[in-house]
Every structure is written in structure tokens, then in C-alpha cells.
Amino acid sequence: MIEVYDLNAGYGKLHVLYDVKLKVNDNEIVTVLGPNGSGKSTLLKTIMGLTTIYGGKIIFDGKDVTKLRPDEKAKLGLAYIPQIGNVFTNLTVKENLIMAGLTLDKSEFNDRLEYALNVFPFLKACLDRKVKTLSGGERQMLSMAMALIMKSKFIMFDEPTGNLAPKIAAEVLNKIVELREQSKLTILLVEQAARKALEVSDRAYLLVSGRVIYEGGSKELLEHPELGKLYLGVKKL
Amino acid sequence: MENIGWLLDIIVFFAVYLIVTLALNLQYGYTGIPNFGLALSVATGAYVTGALAGRIGMWICGVGSGLDYIMYNAMITSMINNAVRYDPLKGLAIFFSTIIAVTIISAIIGFVASYPAIRLRADYLMMVLIAMAEAARIIGLNYTPLVGGTTWVSVPNVFIWMGDIAPRLLIILILAISILIFLFTQYLVSSPYGRLIKAVRENELTAECVGKDIVKVKIQIMMLGSAIAGIAGSLWSFYCGTVLAAAYTRTDWTFWPWLMAMIGGMGNNIGALVGVATVIIFRRLIIYYKYSLEAYIPFSVVWLEQILLALALILVMMFRPQGIIPEKPAKTKIKKTPQQ
Amino acid sequence: MIPLALIEDALVYANLLLMLTVGFTLTYLIAKIPNFAHGEFAGIGVYVTFTVAQVWRSNPYLAVPLAFIISAFSGAIIYNGVLRTLKRFGGTMISLTISTLAMQIMISALLNIYADYLYPIAGSYSRLFLFRHLDFGFMGLPGVLIVSTIFLLTLITLLHLMLTKTRFGISLRAVVEDSSLASTLGVNVELACTVSWMLTAGIAGVAGSLLPLWFQGHPYTGSMLLTSVFAASILGGLSSIYGAMIGAYIIGLTEIFGTYLLAQTFGAQLTAYRSLIPLIIMCIVLLIFPRGVTGLIEDIQARRASRAMAKIRDRGG
């Protein structure tokens, strides 16, 4: 579904990603792991079009989308749920959900809204509350609800379990797997909680200092005796 | 001898605008405070000169007592000039006491104008300063006892005792003062204080963490810059021999200096020099070729200048925001520790 | 007894100021910079009315929609031609703000050129004019007061409905808060910004087009109004257009009534210092409650919320 070649990107003059090559097939869940500062978030942002691209290509569904604006990519079916700044705190819950369903038409939006509210029933009570009155966990659930509503084929999650309590984190990851099963979505996941992410994903990439240093099946990586060392970039493959 | 008249004209223009631009560079180039109310400080210098120089002259020369300074301005001024013609000390006293008053009052105005918004975002500061500059013009235009409102006041010719060469010598003096101010600001920015203000510009949060009182530094720079710009306004008034409130417009004394500083290169004083020279030469060219230009352009050259000013500002920002002479890391003296 | 004419003065002025301030605050929220050229959109409106009323000898109210279109168009040119281009060349907030100042200079020069150009047709009238005599009256009230009030109420209502009920309006508020998140969700941010610039410029143009029906029009109308617009925006709190409305009305009424009171007490020459009133209010606001009226309301709401939380805690414990 999506392929990235020789991607070099960063922020302004700050070069973060070097010659990144990545591929996610239809209906897969792929994880990107790596230590802090390795460029994982930057990779997702770059695919979405929020950074400066120095070179390389991004191919989505056979189309070259490298130079497109984020909103153009959204309309093609690419979605990105950032770690922070993933909800509008000055808007109400309902308005956030409306924003999520921007690319949908009226009837489709109503259906998905109903579905999302059934998955997260607590939202029904807060529809007219401003999001800034919600707690951190509730906001995270709201962003998941928004992901359920978005008309997308491919969703990128940046550390969806973030600062969540383990029970809620597990729920979130389960929802992500559900999305793959029920809505036939393709998912790219960035996670710090390496083990949990590897347990739910099919394949994984290891990104260290802006470069991909490992690519393989998640099971293999989980059983890899030196996962830790790889992770910290000490041992090279 | 007469041929260099136009050259001296350019020189005094250059010197006065250099002082103003140096003040701006200090405030924005080095400290990062965008001052769009620069005309306020220049106008203050001019208005104080117009209001005080003659009155001080009245007092020192003991003439015109009981007369209203504004109503009998022409007569009082010629009386002062006559007194000074044969007494250089009186002239110098008027001159220097006025300059000192200008410096102090401009610094105070710089404080008053920036205080409300100095702790707030740059946007607020810009709005307040622009509004203050407008207010100064309105006060000057309407408060007649200050500088005669919509008419003008004359400024005593304090160097009249030098005879015919007085205007020329005044120009040389103004040039000398501008060079002094240049050297002063150079010294200031190469000193530890210069490092401090640059730190304020680069990263306020960090500077604050190191224990420096940011607001105090900004206020100091606003006062200093205002004083310097006020001196420019005062010198210009002495040169013109008159103060006309309406002449201290935003365009002439805020925007042109900004263009000069930007073209030359913000954040370095040599840049200010280059910028001022470039813009002045360009403006002179427009004035001299005014008549031939007006044949091609269906409107007054005054508006053409403004359009070119606006275009120049935008183009410089787009294509050469660092100016002709970009800022280089400054060399500041390292303090020798006891061990060295 | 307050003269009726003074009340009419105050209301017309406050109405026009409200239109300008709402636009200025909205542009500030969207673009994150103050638009120093905002007053000039009104200036354009002023001269559209002059052209329609004096040169074409038509009903001045025909100028209103024309002024909206021309000003909106100018707003689009400024945003797309200057601001977006600068951003592409790596413009900082300061340089974008400076570019709006440059645009103010340019439009002001163009208005002056236009006024000069009209001189042969209209004489010195082109640089200072008043069209009260061309206005209609209704129940003893001047037409411009009625029209501006109706326009205002319609504007506020439509704006409120748009921002809360339409997808475009909600997207706009989303862009104001977080433009990259909005972009990720499918909002064409540049288009949203362009439309709102055109809207605010157009509204300013309408305000300018109505102005000469009550107050004197001249090439510097726009820049002279700017101080009051700043004061009104800051008083309202640069974070909400509803605050802008309150701020504009307070400043507008204070400016007119205040000048009248000062003139009555100290003499007629004080009317020239009229624009010092908004300046002084601006300074007081910045010194005491810099977040403006909106900030005050938010503080009161926050205090009420924390008191409610405390009550719940106490009851539970």
C-alpha cells in the first residue's frame, strides 16, 4: 500500500532521516521501533507531509504523493494520529469528531459517528464539552474515536499508548488490531513500548539515528536474543 | 566652494540617519526588540529642542522676558541670535544644555512608551509603539505651546558666532557626533553587555535562567536607543533651524530607518553605515531626477518614493533578509581570570 | 442632556469600529500576526464610496457591495502575493508583520495617488469629503446608523452561526488552534486562510464605505483608525472575536463621549486629542489585565470551576 524510498527529510535545515526505505503492505500492521530521538515521529510526519523533504519518494497506492500537501494526502486515505496535539482542546468533543469526519459525506459520517460512540460510550455524555475539560486518558480515547471515524485506508499512530495506564494502553492496542480486522485498514505504528507493539504487529523496522538498521518479522525480532543491543544501536546487523 | 553644498547636504542627512539607524540596530538588531515607534524618539528630540532651546536662550541671553515664546517666536529667535553673535559661550551653553535635556527626556519617553508592553509578546509592543508615535505627532501638531502646532518654531542659530561658515561647521559637528555614537555603540556591543543583549535576543528563556533580568535589560536598551534617536532629532532641528511638528512622520523617521538597517544588515553597525549610505544615495537620485521621472509617472514623486519603500522592504525580506553585510559572531574581550 | 447627534456619532462610530476590530482580531487569530494594513482596507472602502457618490453621481449605498468585493480582492492579493510568498522564502513572524506594514505604506500611497488623480474632476474635495447630505433618513435617524446596525447584527449572527454550525467555520477554529492537525484531517489550510483574509478585508471595506456618510473621509482614514482598532482588539483580548466586539463598543463609545466630556470641561481644542483616549485605555489594559476582557472572563470561569471542584472534593471526603 505504501512504499518509501531513499527518504531524506528533516525540519528546515536540521537533517533527521537518512535514506529511509520502508514498505507497508495492504492490511498489515507494521511497527517502527527505536530509541528516543531516532526519528520515528519524524518519519510519520514526513510521510504525512509535515516536514521538509530533501530527497526520496513516497508512493501510496501506486501514486507518487511525495509533493502533496497533508490535506491532499488525507483525502487520498492517509491518516496520521500524532502523539501530542491530536485533538483540538478549544473545540467541543462533537466538533472534534466532526473534524475527523471532514472527508466523509453526511450519511457515512452519521454511521461512523454512531459506531465510534458505541465503542467509546463515555463520549456520548461529553459531546458538548470543550476538550480541554477532559483528562489525558479521555483525550487519548477521543483521538482513537476520531481515528475510527476518519475515512482512511492507512493510519499512522505515533505512540498511541503514550502515558496511558497499562489497562487502557492494552485496550488501545486491541482497538488498533480491531481496526485492521474489521475495517480492513493498514497500519503503521510507532511505539516505545517495544514488546507490546511487536506482539500485535506483523513486521517491524528498527530506526536508529535516522537510519533503518533492521527490517523483519515481528516474531523474529521478539525472539531475537540481542533486541536490546540492537535497539540501542550498539550492535550493527 | 559652493559646489560642495549638495555634498554637505548629503553628509548631514547621512549623519543624522546614521544615528537613528544605530539606535534602531541597538534595539532590534542586537536586542531583538522590534521598535516601530522610532519616530516617537526622534520627534521627542526635535520637539524638546524646539520647545527648550529658544526658551533656554531667552533665559541665558536675558531677552524677550514676558513675551509668549510661541507668538513672538521669530522676534525672540532673532534676539537670541544677536546675543549669541558676539558671545560664543552663550551659544555653546544653549546647545549643550539642550542636548542634555533631549537625552534625558528622550530616555524617559523611551521608558514610558515601552513600559506597558515590554513584558508581553512582540506583537503588543509593536502596536503600542506605533500608537505612541502617532500620539506624539498629534500632541506636537495640536499643543501649540510645544512647537507651535501647525506652524513651526525657529531654533536659535547657536553657532552664528562662527560667521559665514557656521552652517558648514555645524554639519561637520553633526558628522563628528554621529561617528562618536558609532564608536560608542561598537564599544557597547563588543562588551559583556553586548553579549547580554544578544543573549536576550537569541533565547530569552535561557538568559532568564542564568539569572539575568530580561525586562530590565530591554527597558535599558529602549531608553538608550530612544535617547540616541532623540539626539538625532535634536541635531536635525539645529541644522534645519526650525521644528515643524508635521515633519516627524512615521514614514520618514521609522520606516526609512528600518529599510536602511535591513538593507545594510541588521545586527551589525557597519551594516547600518552601508544601509544608510545606500538608501540616501538612492533617495537623492530620485529627488534630483524628479522632473524627468514625473514625465513618465502620472503621479507625484512623493508617492513613488513610498511605493518603492514598501517594495524595497518586501524584496529585501524575501531575497536578502540578512542584508548586504550579514551579522558575524562578535568578538568580545575575554575577562582574564586571576590564574592567567 | 446628551445631544442626540452625539449619541448618533457614538453609535455609528462604534458600529464601524466593531466591523474593523472583529476583522483585525480574526486575521490575528488565523495568521498569528497583526495586520497593520487592515485600516487601509477601510480606506479603500472610503474611496469606493467617493467614486460612486461623487464621480458616478449614484446612490452611495451602491458602494457597499463594490467596496466589499474590491477590499476582499485586495486582501487575497496581500495574503497570496506577499505573505505566502514570504513564508515560502522562510519568513519569520517579524518579517511577515513588517510586510503588512509595507503593504500599509503601499496601499496608502495608492489611495493618495487615486485622490490626486480625482482632483481635476472633484477638486480638493477628493482629499476631504463628507456625504451626510446624500444619506436617507428614517424615523428621524440617519440612514447610515440604521444600515450599519443592521449589517452589524447580521454579521455577528452569521459569523457565530458559521463558526459553530458549519464545517467551514469549525475547520477555521481548528486551523486557529492547530493548523498542522487540521491539515492532517483534510483541511486545505491555505484556502481557509485566504477565504478568511478576504472576508475580513471585505468587512473592513464595508465599514470604510459607510464611513463617509457620517464622518469625513480622506486618504489617511485607514491609518487614523488603526490606533482605535488596536486598543479595541487588545481590550477585547486578542483571543476571541466576541471579546473584540465588546472591546470595540467600549472604545468607540468612550472615544466619542470622552472627547465630548473633555471638550465641555476643558475647551473645544481638546477634540484634536481624541485618539489619545484609546491609547491611554490600551496602556491601562496592558498594565493591569493584558489578556483583555476575554482573559478576565476566563479567569472568572476558572475560579468558578475550581471552586466547584473543591466543593465536590469536600463533599466526597
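Order as written gives the chain letters A, B and C; numbering starts at 1 within each chain.
The criterion applied here is as follows: contacts are C-beta pairs under 8 Å (C-beta built on N, C-alpha and C of every residue); 3 or more make two chains touch, one makes a residue touch a chain.
Keep in mind it's a predicted model, so treat the numbers as computed, not measured.
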{"item": "By number of C-beta contact pairs, the top two chains", "value": "B-C"}
{"item": "Chain nearest the global centroid, as defined over all protein CA atoms shown", "value": "C"}
{"item": "Most distant chain from chain B, judged by the mean position of its C-alpha atoms", "value": "A"}
{"item": "Length of the line joining the C-alpha centres of chain B and chain C, rounded to whole Å", "value": "32"}
{"item": "Rounded Å distance, chain A centre to chain C centre (Cα mean)", "value": "42"}
{"item": "Whole-Å gap separating chain A and chain B, where each centre is the average of the chain's CA atoms", "value": "56"}
{"item": "Residues within chain C bordering two or more other chains", "value": "90"}
{"item": "Parts of chain C lying in touch with chain B, wherever the complex brings them together", "value": "28, 33-34, 36, 82, 85-86, 89-91, 93-95, 97-99, 101-103, 105-106, 108-110, 112-113, 116-117, 226-227, 230-231, 234, 238, 269, 272-273, 275-276, 278-279, 282-283, 286-287, 290"}
{"item": "Footprint of chain C on chain B - complex, ascending", "value": "34, 36, 115-117, 120, 122-124, 126-128, 130-132, 134-135, 138-139, 141-142, 251, 255, 258, 298-300, 303, 306-307, 309-311, 313-314, 317-319, 321"}
{"item": "Of all residues in chain C, those that touch chain A in their complex", "value": "90, 167, 170-171, 173-174, 176-178, 180-189"}
{"item": "In the complex with chain C, residue positions of chain A that touch it", "value": "12, 48, 50, 69-71, 74-75, 79-80, 82, 85-86, 88-91, 95, 98-100, 102-103, 150"}
